[in-house]
Structures are given as C-alpha cells and as structure tokens.
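What follows is subunit A paired twice: with subunit B in the first complex and subunit C in the second.
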Partner chain A sequence: MNSTYIAKDNKNTKQHRIGEKGEIPMLQKTINITSESGIHARPATLLVNKASSFTSNIDLEFNGKKVNLKSIMGVMSLGIGQGASVTFHVDGDDEQEALDAIVELMSKEGLGA
Partner chain B sequence: MIELNGIGASDGIAIAKAYSLKEPEFIIENKTVSDKQQELKKLDDALNQAKSELEQIRDTARVRLGEEKAAIFSAHLLVLQDPEFIEPVKADIENNSICAEYALKEKADMFIAMFEAMDNEYMKERAADIKDVSKRVISHLLSVPLPNLSLISEEVIVVAEDLTPSDTAQLNGQYVKGFTTNIGGRTSHSAIMARSMEIPAVVGTKQATSEIQNGMILIVDGFTGKLIIDPTEKQLIEYKQKHEQYVLQREEWSKLVNEATVTEDGHHVELAANIGKPEDVEKVLENGAEGIGLYRTEFLYMERDKLPTEEEQFDAYKTVLEKMEGKPVVVRTLDIGGDKELPYLKLPHELNPFLGFRAIRLCLEQQDIFRTQLRALLRASTFGNLKIMFPMIATVDEFNEAKSILMEEKQKLIQENIEVAEDIEIGMMVEIPSAAVLADQFAKVVDFFSIGTNDLIQYTMAADRMNERVSYLYQPYNPAILRLVSMVIDAAHQQGRWVGMCGEMAGDKVAIPLLLGLGLDEFSMSASSILPARTQLKHLSKAHAASHKAELLAMDTAEKVIDFAKETYAVN
Partner chain C sequence: MDKNILNEKNITLNASFSSKEDAIKQTGQILVENGHVEASYIEKMLEREELTSTYMGNFVAIPHGTEDAKKMVLNSGLSIVQVPNGVDFGSGNIVKVLIGIAGKGNEHLDILSKIAILCSEEENINKILQASSESEMLSLFNEVN
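The block that comes next holds the complex of A and B.
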C-alpha cells in the first residue's frame, strides 16, 4: 500500500511550536474508540466537517500514521476499528476550541472517549 | 421508428422523452495547458457544479432512502474539498501545466488503488466512492453530463441496462412515467418495483440502451412488452387512446376498492398485497387490499453498512401494522442469501448461493440476528394483526427450531413486562419441494402456509430463474407445480389451516381461476394487480373451477394447462 502520500513522515511533523514565548508543545489528546463499527463513513464525515470549521492544523494519528483530519480520504484510509487508540494533534490559533469541539463530538456520537 | 420486444413487467402505457442512464465514456488525455489560471478556474467551476449536484442527490436520498444512505453522499461532498486530494491536483496544474481532468484522474486513481489494496471489505468499497465523485467532476470538466435519477426534473422514460434497488428507490413517480431495461424478467427486482410503484415498464429488451439516445420519444407498452422508439404520428394517436382506455378501466376497478372479494357463487377469498417497505402500504390501501400477504423484511437490511437495530425494525413493523388498521399482515423473517447479499455480514462466496446458506438456514445459525428481528416483531405485535412466517423451510425440525426460538423471545419479553399479542399465527413459506411433498406433516405444526412460487418453480424444475438460457424451464403452469400446490392446499385444509400464495403467479389472471379451483384461500400480489383480480374473481364460480381440478391435475404439459385456462375462463 502506498501510504506515504497521506501518512505524514513523523520526523517532519512539527512537534513543537516556536514562538516569541519559546517552545510550547502543541495540543494533543488520545482517545480510545468504543464505537462498534469504528470510524466508518458517517463518523468520519462528522469529524472532517468539524475539523474543517477551524483554522488550526489538526492531525489524527493511529498506528504510527498521521493524517490531516480535514481530509476525508486520509481519515478513512486509517481504517480505524473498535478498540483503537487514536491521538489528535492540534496546532493553531483556535487549537483549544478545536480540540474541545472534537472531543465533545467523539463522546456525543458514542465514538470514544 | 424502431420497435423492440421485451417483457411487459408492469401494466400501463407511457409516452415520454428518453432519459438514458447509460454512462458516457470519458476520453482523458495528458494535455498541457497554456493558461493555468483559466484551467484552475475550470477546476473550481467543475468542483462547484459537482458539489451542487451531489447536494441535490443527497437531499433526494435523505427523503427517499433515509438518513443512513444520505450520509454516503455527505462523505462524497467532503471528497470534493479534501485538501489532500484537491491541493495536489491544483499544484499539478500550476507547476506542470497539466490539464485539470488528467491531473484529477491521476490523483483519484492513486487513492482508488490505495483503498482497493486495503484488506478490509468496507474500505475496498470506498474506492467506488472515489470513482463516483471523480467521475462527476470529470464530467463537468469535459462538459459531458452524467445521468442521475435524482436530477430528473421533467417527464421522462428512464432507459438503463438494469435498475438496482437503490436506483428504483430514487425514482420519482412524478417525473418518471415509465422505464425500460436491457435485462431482467417479470420476477426481477426492477419489474417487481415497477409494479409496486405502478409505473409501466418493459424489461429485457436487450438493446434499449444502445438504440436509444437521450431525448428521443418513446412508447412503453407494459401490457405487451413492446418498446417503440421514435414512433409515427399514427402510433402516438393509437397509444394515447390505449392509455386513456386503461385510465378509464382503472376508474372502473377503483369502484371495487372497498368491496370484499367474493366469487359469483358467494365464496370469499382474501386478496392481499406484497410489500418491501413501510411506504408501500399507501399503495396497498389505495388498491383496496384485504391484508398484506408478504412483507419482505430484507429491505430493512439492504443498502446499508450494518445490521438494523431492534428499535429501527420495531419502528418499521409498528408503522406497517398501524397503517393496516387490524387487517392481517404476514411478515416474512429475514430472507437473505441467494441473489440478495449483505456485504457487511461477510459471508463466504458460494458456488451455488440459491442452494446455499440463506434465509432460515442463516438465521438458525446466526441467532443473534434472528432473535433481534423476532423481538422487534413481537414488540410490534400489539399494534395490529401480525402473522409471522419463516422462509426456505426444508424440514419439520427447522420449523420447530425457528418456532421455539420465537417462543423463547416471547417468554423473555413477557418476563420483562413488555406486552406481546397473544394470538400471533406462525406459518412458513412453501418454496422447497420437500416442504410441499411433506405438507401433511408440516400442517400439524404450522398455523398457515404461504406458497412462494418464484422459488418453488425454480427448485422443482432445477432451473435458475436468473439464467436466461434455461428460462424456458421456468414454467408456472407445469402440471408438476400445480400438483405440488394442490397437495399443499389439501394437506392444510385437512388440518384446518389456511393457504396463501405470495409468488408472482397469485396475481396472474391465467392462474387465478386455476388456483381458485384448487382451493387457495389467500392470493398475495403486487398492489396494482388487486383490483383487476377482484374484478375477475367476482365473475368466477369456485364450484365450477373446482369441478375441473382432476382434469387439470391429469394434464401433461404447461401448454395444455395454459390453453385449458384460456379457453375455459376466457382470459389471455
């Protein structure tokens, strides 16, 4: 499988943000997927729509692969099933708001917490 | 003017412009463009057009197929704005002066290959979604419109190779006056749907899609199976008259909507309708059915990516029972397998699916699926007159096991203080020859039989009803079939049970007098056949039909049976 296209190379992913205040780690949160059918079409659609409403860069990491949460094909390509542990990485002006909204959506839709 | 002969699948005459669902072929070349800005704008415009079409398709799907199915199109819409897909396409145009359609096709193909390579069936299917979306964008880039049933906004006759269940669910009766397909027969899905929607249809024309261009005027004659392309002025006048006559005849029939079905000599038989979805009940009531003789529950399970919940099923059953206001509703438990697959069950592929792991065989093994359905049915039972039947029963043990599971679920509900109707009749389909031959034994344990002729014929004649090369063996009037039907009816009556028939044969005007003579109690058919059948039965005498029983069962060929029926009962 040619996954190099969507999955970002971990080495190049910005882990820290360098600003005037020095290094501030980006926001991240790990969630366990409890939904029986994992993240299939409908939840993926909800997540991508939600992510797209923020300006921050939002990545979803699963199984060592990181994809853009604003990319439906990226999210679907991870094939996230029940029991998976996924991590959201959020970086940008509205990062806190974005992360809160995503976590809320995940729990409201019974996807995971 | 060209005439094609197919099979009349649904009565009526339709005259309208053709709307071909045949997809155009796209020729995509790797061209360089001189004006990159213009090419980028072309891409944006195509994306926007595709977006508004998909929104329209999604909205139609939401109304006609439900939220679950519509969600797929929401995902399609996101593909159009997927940054990992669209940005590289734009970069390709900008950096390499590649034409938009080629750049898009290349990126789409890469994603398609990636999804197809995944070892998860569900993910593999997503490749089809990407194909679908990129095809729509490319159609706008090349200005070759892509047909779609949801986009029809004027009166048309739909022309297609075949129509899938999701196609037919999108047909809007307001605009679609009729349809014609290359393949299919009277019992194929598209034909059954045409009758339930009361849209005239001709199926199995073999070459409709190759002969017909969009916008040509067509006449669909659902009575004779004739399809006329680009008719003459004379034909147009002739068929308009034929259409008007049919409209008048239907008005005549409609006077019988609220009447019981009584033969000339005072015998009552029950005329019931076959349905697949709660929405079908409307037509059932409009056509004055005395009940529902077959509710095919598998539609609840199809066109989705997981099993329906108990709650979803309960809602559907309750709706049907309530709308029928106490009239009998015979629900057939899940009949999946054979030609009806559920990809999400991940059943292994079988060489001989019609003889394989299907219907009750699957339900007895995967009992969680079966029990969920039974619970939903039992909970709904207090909202009307519910009867339950099991499909594909081959042995008495199978019936007894299915019934005991039903009883267990009933007990559980009672213990949970959930109300369940006391008097639910439990019956079975007779569609396997072993069940027909052993009907006297089955009659001791069932409350009723419903003969499923479509399968009974194919199993008795050992002829796949989907295989056109052996279609000559699909003989409803073969005396072997009539003898089996007669055996089942006699065995049931001996034990005081009633017998219905829910195959296509029950609504056939040639078969009706024969079945009346054999003693059939309930005829279940497409809703649109009910009023003509009631009219016909009013003029038949049961005693007279019964007097020919021995003679009929002693015949040797289907032709003789048909000739006899046509001559004796003046039908054609």
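The block that comes next holds the complex of A and C.
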C-alpha cells in the first residue's frame, strides 16, 4: 500500500512526513537560502542554539553532506551560501515544535524560507 | 589556505591577555598590520563579540567584524593567536586560540568552512595549541582543503 504520505499543512509550513510502515517517521523540510551572506558564524550559532533547546535529533543536509544541527563546527563546515537549498531532518519526541521553531528562526533572521 | 589569506606574519604564538577585549584587539591588529582590514575593523570585531560570542567550543574563538564592517575589509585574511594560559571569554568559556577572520565578498563562507573542518577534530586542536613555531602552525592550516 501507500507507504509515503504527506502531513497536512500546519502553521503555514509544508512538512513532509515520510516513513515506511512500521518505521519511526521523521519530519523534513527544504529551505532555500536567500540571505546574501549565507549561513555564516552568527546565524549558524543561532541555529545551533535553537536546535539544542530540543531533544530531537536534528540534521542539516546540503550538497550531499549531512551534519548535526547542534554542532557549530558541523554547520559552518558546510559553507552554505545564498541560493543554496538545504534540508532539515528532525526526529524525536518534540520534532514538530523543533521544526516549527527552526523554520520561524530562518524566516525571522532573513536567512531563507 | 591561500598564502595571501594566511602566512607566518599573521601568526602569534605564546601570547597572554588579561581580558577578551585585549585578545580580540591584538587579533584584529594583526589583520590591520598585514593590510587585510582598515583599523576601524577592530571596533567592529568588539561590537560583533557583544552580539553573540564567537566562542566555538574546543578552546577556539573566531573574532570577526559585523556584517556592516565588510566595507572595511581590503583583502581576505586570517590571524592566529595562540594563548597557552587561556583567556576568559565569559560563560565559563576559556579560549586558547583566537582565529581572526576578515572575508572579502563571499569568501567568508569558504574560510569559515575550512576553519570548521580543521577545528572539529580534537586532535587538530591539540596540535594547534602545541604548535611551537609559526611554520608548524601554518602547515596545520594549509592541510585543510
């Protein structure tokens, strides 16, 4: 049967809940980076601090590389610039709250949407 | 690292400071003396530190100017200041190596990425803290691609 389904929109964010039957689902969302200076040190620090306030595992994927969003060195190592497409993968008890908070921060700081 | 960005003149070993402000000023002064930034960039580095600490963990801080200080950057460059006894960066964070950054245009992302790759390995941090000559320090940074 259909093993992939899309959750209904929540708070204007389009998260896709993807999982095989019987596996623990995970939230993910792709965001386009619009900030001219990209994800440099300060926004990376803000993202890491935000991610670290949740218990869920949160990964950031860019250009085929995936890093822990709770690691400042990991996030900065990706060298994410304007025009990049990045994907957040969130998995855990507070995954919905975590993803909402990250998406809100990205938007509020003018990093991307 | 490109030799125009980092060379032996940009490295200071065995420094000691009584405050993080003094440490940041010295890190910025190296960038000024080597023609990477205008002198006013140093004030912007102190301003940036007030926004959020540039402490990155593993005894490393990466002081740099605010975004509006970009125009004070003449040529991309790094400065490295080794502080064996450490300097207090607040919140219980002790910094033993400062890596000052000046990025022209979009070069800051590539520079940050290389620093992050190097400093994410504890083994590399130990080598940076123990480097006993400028050339030894330089070679650690030059190994990063």
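Basically, the second predicted complex is superposed on the first by the 91 of 113 C-alpha atoms of A that agree within 3 Å, B and C clash if a C-alpha of one lies under 4 Å from a C-alpha of the other, contacts with A are read in each partner's own complex, and residues count from 1 in each chain.
Note that contacts are C-beta pairs under 8 Å (C-beta built on N, C-alpha and C of every residue); 3 or more make two chains touch, one makes a residue touch a chain.
All of these numbers come straight from a predicted model, not from anything done at the bench.
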{"item": "Touched partner set for A:37, first subunit B, second subunit C, both or neither", "value": "both"}
{"item": "Which superposed partner A:76 touches (first subunit B, second subunit C, both, neither)", "value": "both"}
{"item": "Subunit B or subunit C, by number of subunit A residues touched", "value": "B"}
{"item": "Partner chain(s) touched by A:99 [first = subunit B, second = subunit C, both, neither]", "value": "neither"}
{"item": "Partner chain(s) touched by A:68 [first = subunit B, second = subunit C, both, neither]", "value": "first"}
{"item": "Contacts of A:90 with subunit B and subunit C, given as first, second, both or neither", "value": "neither"}
{"item": "First (subunit B), second (subunit C), both or neither touched by A:52", "value": "first"}
{"item": "Touching both subunit C and subunit B, counted on subunit A across the two superposed complexes", "value": "37, 40-42, 45, 71-74, 76-77, 79"}
{"item": "Subunit A-facing residues of subunit B, complex", "value": "68, 71-72, 74-75, 78-79, 81-85, 110-111, 113-115, 117-118, 120, 122-123, 126, 130, 305-306"}
{"item": "Interfacial residue positions of subunit A with respect to subunit C in the complex", "value": "37-42, 45-46, 71-82"}
{"item": "Contact footprint of subunit A on subunit C as seen in their complex", "value": "48, 51-54, 56-58, 62, 64, 67, 106, 108-110, 112-113, 115-117, 119-120"}
{"item": "Parts of subunit A lying in touch with subunit B, wherever the complex brings them together", "value": "1-3, 5-6, 36-37, 40-42, 44-45, 48-49, 52, 67-68, 70-74, 76-77, 79"}
